[in-house]
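These are the structures in question, set out in turn.
Consider the two complexes below, in which chain A is the common component and chain B and chain C are the respective partners.
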Partner chain A sequence: MLRYTLQQLLKFFLLLFAVSVVAFVLVSVSPIDPVQANVGQTAWLNMSEAKRAQLSEYWGANTPVWQRFINWLGAVVQGDLGISLRYNAPVASIIAQRFATSAVLMTLAWTFSGVIGFVLGIVAALHKDRLLDRCVKAYCFVLASTPTFWLALVFLIVFSVLLGWFPLGFSQPVGVSSSEITLFDTIHHAILPALTLSVIGVANIALHTREKCIDILQSEYLRFARSRGESIVSQIRHHCLRNIALPAITLQLASISEIFGGSVLVEQVFSYPGLGQAAVTAGLGGDVALLVAIAILSAALVFAGNLIANLLYGVIDPRIRRSGFTSFSDSVKQGGANASHDI
Partner chain B sequence: MLTLNHELEQSHHHHKHANTSHHVGGHHLMQVENLNISFTMYESDARSYFNAKQVQSNVIHDLCIGVHSGEIVAIVGASGSGKTLLADSLMGHFEPNATVTGSIWFDGDKMDAASLKKLRGHGISLVPQSVNFLDPLIKVGKQVQGFTKSNSIKKCADKVSPKNISNNASSISNSDDANNSDDVSNTGNTNKARRFFKEHRAQRAKLQAKLFERYNLNSNVASLYPFELSGGMARRVLLCCALMDNPKVIIADEPTPGLDLELAKVALADFRQFANDGGGVLLITHDIELALSVADRVAVFYDGTVVEETAVANFANPDLLSHPFSKALWHALPEHDFFAPTGGDALS
Partner chain C sequence: MLHTISKPATTAILHQPHLRKANNRKLLLVLLIVACVLLVATIVAGIFLSESAMQTNFSQKNLGPSLSHPFGTDWMGRDMFTRCIAGLSTSILVGLLAAATSALLAFLLAAVAALGPKKADVFITWLIDLLMGIPHIILLILISFAIGRGFWGITIGVAITHWPNLTRVIRAEILQCREAPFVACARRLGQSPLNIARKHMFPHVLPQFITGLILLFPHAILHEAALTFLGFGLPPEQPAIGIILSEAMGYLSAGMWWLAVFPGLALIIVVLLFDLLGSNLRKLIDPYRCQE
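Presenting the complex of A and B:
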């Protein structure tokens, strides 16, 4: 058990290290000049050469990337994530604030897409090749091939502009002091972006669940259950749900990365001040400290998701539980690979 | 109880009898007549994917077979000849694109698709091939007890045949455990119903423990998962699943895969015991030697039908066998000449 924990911790830190190296290298090879991007084209043209040099010193454009990385790493080890040059505030506080906003959005989207996708998948599998199944499949295929930002725009046009049910953007009403903002306001602002994210996420989960459920319905043990006179309700309750839980959990926890990726686009369209939007700003503004911190956070989230999936596997599947922790390490390796691939 | 002299009853219901065959109440436990199964499918040799026509593919035709109380009937046929399809049909599993005609009688009643379905686990039980037929995530004991709701048992007991559940042919239910479920009225209030379910579950747990004891399964086997069972344990567990439902007929689909003849004979002794207690066993196998050593009668399955249903004793001499394929099987047995006499010619 101790060995397993240490192994996972080692993997976790290696992953974070690799992610930060990659992020640093990518920013350094990016053609964006942080000074130009941040002061604006006109200001840059009117600027004196000395001022430009001063700013570029401030942004660290002249320091070699490895040196910046070592400086950054040294600070991070001491618990200092650095200062976001773009927002002119400590990275930690920006992340904390942005994450709180995004968390509402992502949790809502993650829960909805998981539950609705799971139910739709099972319903479709039970009606395989019949009308209901075709409807679910059609919905999933259309939605899976719809660009997230386009759907977000359509929702915005329909629900905010035409119907006026939801606000046009932001995470809270404009011109209201923060003490007057209620939970209702927060949720009201999160619904439309969350809906966009879930509607897209449902397709993937429903199609995978459907496929797995069909496999189980055709399995030998379900044939035997039928042969023993079990009703369809009993078959689903006792065999289907339990056996489908394993792939569903993997899928659901792996979809964290997709929700995160989707939130970048959706937050942009809805001007929703979350992590995704901050990532875009940091990336376009050459704000390395913030960008790396967001990359690390998302990697940590995905890693945690995969780790939880692996642990839950052990809880649910007796074949893993009763053969000890040893068989875990391989699947976790895969989890780590997924996480790094995701950023 | 009437024991037929098989010499005198050569052409009875398309089959010949063995000395052990009994006719309880003058009928067969299970009798299948002229069963045809065909599938609607697309022509496989169509010139293009798009103009493939729908064709009827006849998989089983004019099949007749009977199972009497107290006997093991073996259906012997090559792998892939449609034996499992036959087993499925007898349990009322029909694919949506299948057309099925023919008659099946169970314990004197003529069956249709719906009543066959009701017999699953309430008269006819399947003993499958391997541990893969058990849910990998549920403990063995719980699976043997099954998830059949007692109200459906009750319904079935009322509708199909009141004798099915209460009349225990098998000796394992010699106590009144399995009978009580019938005494409780279904009209009681919810509280009563809940108590009834609880009692019912307790009864099934007791019966399962008794079955495990009888088949030398340690009581801790009940808390194992299917993947933890050894081959022999799995076979006995699967048999217990079937006996749990107190069936009249057991359909065993290749129940001894990968066992050599001697071990298979030992494994099938449990089926013999079940038959001796008055049940009927339909043993589906590809192994003619095994069939001849454990069954009372053998039905030779060839080309989608039973070409000959005869007593094992008739395999003593090829002249007693009427169909060329049965004769070819006889010649192919190791203690004979291992030689199928121009098999192709004889069959055409």
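Presenting the complex of A and C:
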């Protein structure tokens, strides 16, 4: 187990390192002039050539990329992610604050889409080739081709403008002091964006669960269960659920990447002040430090999702747990042997 | 229509399934041709309409959908239908270019990974994992930041972010093919590696590649629209669905729903058409599945 943890940790840090290198290289080849981006268009135009050179010296625009990267890495290891240009505050604090807002949204959407997709998939499989199944399939097919941001716009038109059920945007009511904001307000503002994300996210998991469930419904052990007279609920509960849970969980944890991407678009439409909106602002405004930090954070989230999926296999599937355990004990033995050699 | 023609049950029952299968294939072919014609027509119409798409007419602004303006008009009196077609045309062009480039890249990298030295395989697999570890939109924002915006910026951005999935598929296919008995046999018969690749492996991988290529379009088009919507893609003066929708955002609270609803629907139809093309083409070109 220790070895597995160490291996995953090593992989994690290598990935983060690689992502930061890629992000750094991409940012450094940008045609955007850092000095111009930092001081703004008008100030840059009114500036003398000497002043520009002085500033570019001050911000290190002339130092080579690898040296800048090492400087940045050294600061990051000490917990300093730099200062955000657009928000004029330390990147770490902005990310922490934005992440809290986005986390509400993404958790809601992730849970809803997973549960609804899973149930829809099972229901469709039970009604294979009948009306209900065809409806679910058509829904998934169309939803897979729908742009997230367009759906967000349509929801905004229908539920906020025409029906007036939900606010037009933001994560909190405007013009109210933060002490008066209730939990209800927060949830009320998050429902519509979360709904958009869930409706889109359902398609993938529903289709996969359906396929898998149809396979299992045709298996011999299920036929046996049926001939014994087990009810549908009991069949699903005792024979189907564990088998279809594994791919569904993998898929749902792998979809963190898509939910993150979707949240960028949805947050933009609903003016929801989360990480996604910050990423767009950073990208458009040339805020390099914030952009790189968000890219790294998103990669870390995706990695965490995959890691959790790997760990959950053992919890759900006793076969994997058992084989995992033998390899685990083997590695312990080997580790022990190595240790004795060292001594 | 076609399957309503049924023969009397007394004669030739054994032949009936054959007839229906042939009809299915033909029906599919017709469907595919219709889809292709629709897409090409959109591109051509868009190129011709791009001039009139920019035409403003302030006496006819903010009109809802009607017979003369099926999609309504915007706040400058531009006809939304013309704008949509022009926008779709740009989107399809970007999608085609990006998807084709991306698929070619995927093919080359997969071939190098599967047939080249072990180190190349390790590196390419690692690169795939790395690129798939960052959410697409974030990666696209980073790339757009690096190479700038505009038509070429977004095409290159989409092209270099969409190959990993297809590369994985084709790499696995080539690896499987390399171990196949018929390839081993050809090797023993003294065929040169180039010949084996050309005669035995390429035809085997081709259906996967073509389907993968066409199924890349929907992703490419959706990501182009999303990126343009966020402001990283095409410039505002170019007609594009992303631009139309992001401009429409400001007029939604005024109740001008047609500015957003129709362009989005048009985009969905185009994406669905490509999806349909890709998933059905497989049945026509893959010998294993052509009887379905």
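What we mean here is this: the second predicted complex is superposed on the first by the 282 of 343 C-alpha atoms of A that agree within 3 Å, B and C clash if a C-alpha of one lies under 4 Å from a C-alpha of the other, contacts with A are read in each partner's own complex, and residues count from 1 in each chain.
One rule holds for everything that comes next: contacts are C-beta pairs under 8 Å (C-beta built on N, C-alpha and C of every residue); 3 or more make two chains touch, one makes a residue touch a chain.
In this text the structure is predicted, and so the values were computed from the model without any measurement.
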> Does chain A have more residues touched by chain B or by chain C?
Replying inline: C
>> In the overlaid three-chain picture, which partner chain does A:G285 touch, first (chain B) or second (chain C), both, or neither?
In response: neither
> Does the superposition put A:S298 against chain B (first), chain C (second), both, or neither?
Replying inline: second
> First (chain B), second (chain C), both or neither: which does A:G114 touch?
Replying inline: neither
>> I'd like to know which partner A:G82 touches here: chain B for first, chain C for second, both or neither.
In response: neither
> Is A:H238 in contact with chain B, with chain C, with both, or with neither (first, second, both, neither)?
Replying inline: first
> When the two structures are overlaid on chain A, which partner does A:S30 contact: first (chain B), second (chain C), both, or neither?
Replying inline: second
> Hey, which residues of chain C end up touching chain A in the complex?
Replying inline: 129-130, 132-139, 141-148, 218, 222, 225-226, 229-232, 245, 248-249, 252-253, 255, 257, 260-261, 264, 267-268, 271-272, 275
> Which chain A residues qualify as touching chain B in the complex?
Replying inline: 220-221, 223-231, 234, 237-239, 242-243, 316-319, 322
> What residues on chain B touch chain A, complex-wise?
Replying inline: 91, 93, 118, 120-122, 125-126, 128, 130, 132-138, 146-149, 152, 156, 225, 227-228, 241, 245
> Where on chain A is chain C touching in the complex?
Replying inline: 15, 18-19, 22-23, 25-27, 29-32, 141-142, 144-151, 153-154, 156-157, 161-162, 168, 257-258, 260-261, 264-265, 268-269, 279-280, 283-284, 286, 291, 294-295, 298-299, 302-303
